[in-house]
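The same chain A turns up in both complexes below, where it pairs with chain B and then with chain C.
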Partner chain A sequence: MSQSTAIATRELTKTYKDVRALDNINLDLEAHRIYGLLGRNGAGKTTLMSILTGQNYPDHGTALIFGHEPFEHDPTLSRICFIRESQKYPEDFKVHQAFTAAAMFFENWDEQLAQNLVQDFGLPTKRRIKKLSRGQLSAVGVIIGMASRAEITFFDEPYLGLDAVARQVFYDRLVEDFAEYPRTIVLSSHLIDEVANLLEHVIVIDKGRIVIDADAEDLRGAAVTVTGEAAKVQEFIGAATVLHRDGLGALSSVTIKTQLDADRREQAKLMGLDLSPVSLQQFVVRSALSETATATGEKTEARS
Partner chain B sequence: MNRIIKVARMQLINKATFIGIPLLILASAFLVTLAIWWLVRRNGGDGVLYGGGAQAPMWYFLALGIQALTMTFPFSLGMSISRRSFYLGTVGLFSACALVLSVFYYLMGLVETATGGWGVDGRFFALQWIADNNWFVQIMFYFVLMILLFMMGFFSATIYLRWKTMGVLVLVVGLALILLAAATVITLSGNWVPIGRWMASLTAGSVTLLGTVLALALGSGSYATLRKAMA
Partner chain C sequence: MIDDSKPIFMQIAELIENDIISGVLAEEAQVPSTNEFAAFYRINPATAAKGINRLVEDGLLYKKRGIGMFVTHGAPQRLRGARREKFQQQFIAPLTAEASKLGIGVDELVAMIKTGSDT
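Right after this comes the complex of A and B.
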């Protein structure tokens, strides 16, 4: 484990009654990068984040934050901020009281940033938290997460209920603030394309297993969709890993996991086949849904 | 240590919960009692008048024990606070509040005695059975009673937090079974009379001791349960 490792997990496993929420998770997250933790609802994202932040504990395996187990370890916990998507606040708390509390516990708290974000989101700080709309509630979590400037900050589906403008405000402020105060950010999301440009590294979890762990850059050109006459498509793709297959009469459209060089592209053109890029979201959806995407294969690629 | 004190400060962000409401309850109970006493005297009632209103805030502490946990614990996890710090900060704050209030009860008892029971020979703070003891026993009696009620609420709330409805159900049914078993043993061995005599012989001091043991048991039980609880 290098000096710059912020989060390291080994064989992390968590089982709830009959559901294996996390199954042998091995991850290394470097400091000062923005990670996307992507996956479907119930894939294990929140369980993983809860364990990494000491809010929960594993049945088996280890999770180390800056080399320490976070569970019940105050010095480590004080370097982390994780506001859940379903975060509960004290019944009688008003918005500004939640910020007062956060300012006490997060040592790097920036009140000015918090105030600016309150303005940006148009958040009524004197209102009781239980009276807030879903979007306003998300905004409270986003503001605590951002203004805490914790060394590791988790955002758990932070955009729920936020309108498009507010979401853009969040993305813009996050990038601005990250540039000035680099830290490790883990963004859990299923609006993948919307956050794709923010992410430096992508981790996809499905049914408690890691199915993708790779730099976002590597994933952008990692797949291509070939469309054309079914027979020719089949001939062109050969033995490449198929992520998705659509057919309409004699036409077929197949997404394969491969990087095409200029020669291959030329070949496709000559065969009358259409090549279209695959967005990160499509790639993730296809990979996560495709049973053939084995965890081991993906991981070797990412580690190399 | 620092984070423990911060937990106490967080619980005080809304000052009403720990300070305002108990004082309000006590003040209202006292004023209502005084009004009733005045009416009784006006209608020619004589003899010493007793009022049980001093226990009113104590029942609020039962609810406060539940509230302090259910309302603030999930939030404190979000504030990256360890369960240990949360427990020590919350229980520590309540103990401090309870101690101040206990001293206040004792002082009010002195005033009550000095003013001839608020001029109407009433007993609100200085109930004979308690006030006959020295200052230390008096203060400890109130203090332990408050802690005990708070801990009963806190303990059941931690049980709920960790094992939900089933946990509370097992706790309540288990408790009922234990009491039933005890009653059976006492009845079959014909020991109700000695038990009754023992209860009548209890002093404020011995009740305080018993309460301390029970509060400590509930306190350590809550701590053990909370250490692995999830929001």
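Right after this comes the complex of A and C.
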């Protein structure tokens, strides 16, 4: 394990009754990078983060945080901040008391940053936790996650109830603060397009398995959508791997997994074909995630 | 701005190149820092750094230790030379291809270009 490895897992496996939540997960996360942990509901993201933060344990395999197993290991746990999707705080606490509690636990806590973020989110700090709206609760989590400046910070879908403006505030402040205080950030999100440009590395998990583990820049431009006359599109794409196919009469639109050089682009132009870029979200959805639709909205809380 | 067509670091490098060619960034002018680029374009700072480093490797920017990045003397001329080489392939080839598809002859095309550049 190199000096800069923050998180390393080997053969990590976790089963709940008959569901294999994590299936032989092998990952190495380097320090001082922003990771995106992407996948569908129930893919295993939260289970993985729970184990990495010592709030759960694997059936098999190891998870090392800075070389230590986190479970009940206080010196390691104090270096980690985990903000859950539905983070619970003591109901009768006032917001500023929740921050005071966090400040006692996280030795790198930056009170000034917390105050600035309170302003940015317009959070009423004298209100009790139980009186907060869903979005305000999420803001509390985001503020604790950022102001903790923990060496490893996990954000598990931290934006429930936050509107587009508030989410943008979160992303902007995250980039700014990360630039000044580099640390390891693992951001789990459904809103892939929103966070895509912030990520240095992308991990996609599906049905408990890692299906993509790659630098975000390597995925950008790794696929292209070719649109035009069906016969010409077919001629152009040849034997390339097809990720997705749409048709409308004689028109065809095919997403292929390939990087086109200038000559190929030129060729497409001469054949009268349109080339359009494929976003990270489209790429992940098309290339890695299983297509069976599930009901949206509910999420099993019982898994951790 | 940033899109999905290619790696962001390449787009950052091209944005800076464009500013050097157009004179927005003059020779010996200081280039914004990695963190400023990251905040402005809302991208990962490591990605911004990669784009800037590519221009340093190409000799278009140079680093003054402890101060920042600057545009190398002669960078605009070098970039213009490189862009001219690509001009034929990037602009003339598709132009003539489209023109021949529409039945526009070379003389007519030349006339259109002349009219276009007068306005």
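Assume the second predicted complex is superposed on the first by the 288 of 304 C-alpha atoms of A that agree within 3 Å, B and C clash if a C-alpha of one lies under 4 Å from a C-alpha of the other, contacts with A are read in each partner's own complex, and residues count from 1 in each chain.
Throughout what follows, a residue touches a chain if its C-beta (ideal position, glycine included) is under 8 Å from a C-beta of that chain, and two chains touch if they have at least 3 such contacts.
The structure presented is a predicted model; accordingly, all values stated were derived computationally and were not measured.
Student: Going by the contact rule set out at the top, does A:D172 touch chain B (first), chain C (second), both, or neither?
Tutor: A:D172 sits against chain C, while chain B stays out of touch.
Student: Of the partners chain B and chain C, which touch A:Y89 in the superposed model: first, second, both, neither?
Tutor: first
Student: Please work out whether A:D261 is in contact with chain B alone, chain C alone, both, or neither, and reply first, second, both or neither.
Tutor: In the superposition, A:D261 touches no partner, neither chain B nor chain C.
Student: Regarding the shared-chain residue A:S78, is it in contact with chain B (first), chain C (second), both, or neither?
Tutor: first
Student: Going by the contact rule set out at the top, does A:D18 touch chain B (first), chain C (second), both, or neither?
Tutor: neither
Student: Spell out the residues on chain A that touch chain B in their complex, using ranges where they run on.
Tutor: Touch residues, chain A against chain B: 50, 53-57, 72-74, 77-78, 80-84, 87-93, 97-98, 100-102, 104-106, 144, 150.
Student: Under the definition above, what is the set of chain A residues touching chain C in their complex?
Tutor: Going by the criterion above, the answer is residues 33-34, 171-172, 175-176, 178-180, 182, 197-200, 216-218, 220-221, 262, 266, 269-270, 277-280.
Student: Quick check: in the complex, which residue numbers of chain C touch chain A?
Tutor: 2-9, 34-35, 38-39, 41-47, 50, 89, 93-94, 97
Student: Going by the contact rule at the top, pick out the chain B residues touching chain A in the complex.
Tutor: Chain B reaches chain A through residues 3, 6, 9-10, 13-14, 16-17, 67, 71-72, 74-75, 77-85, 227-228, 230-231.
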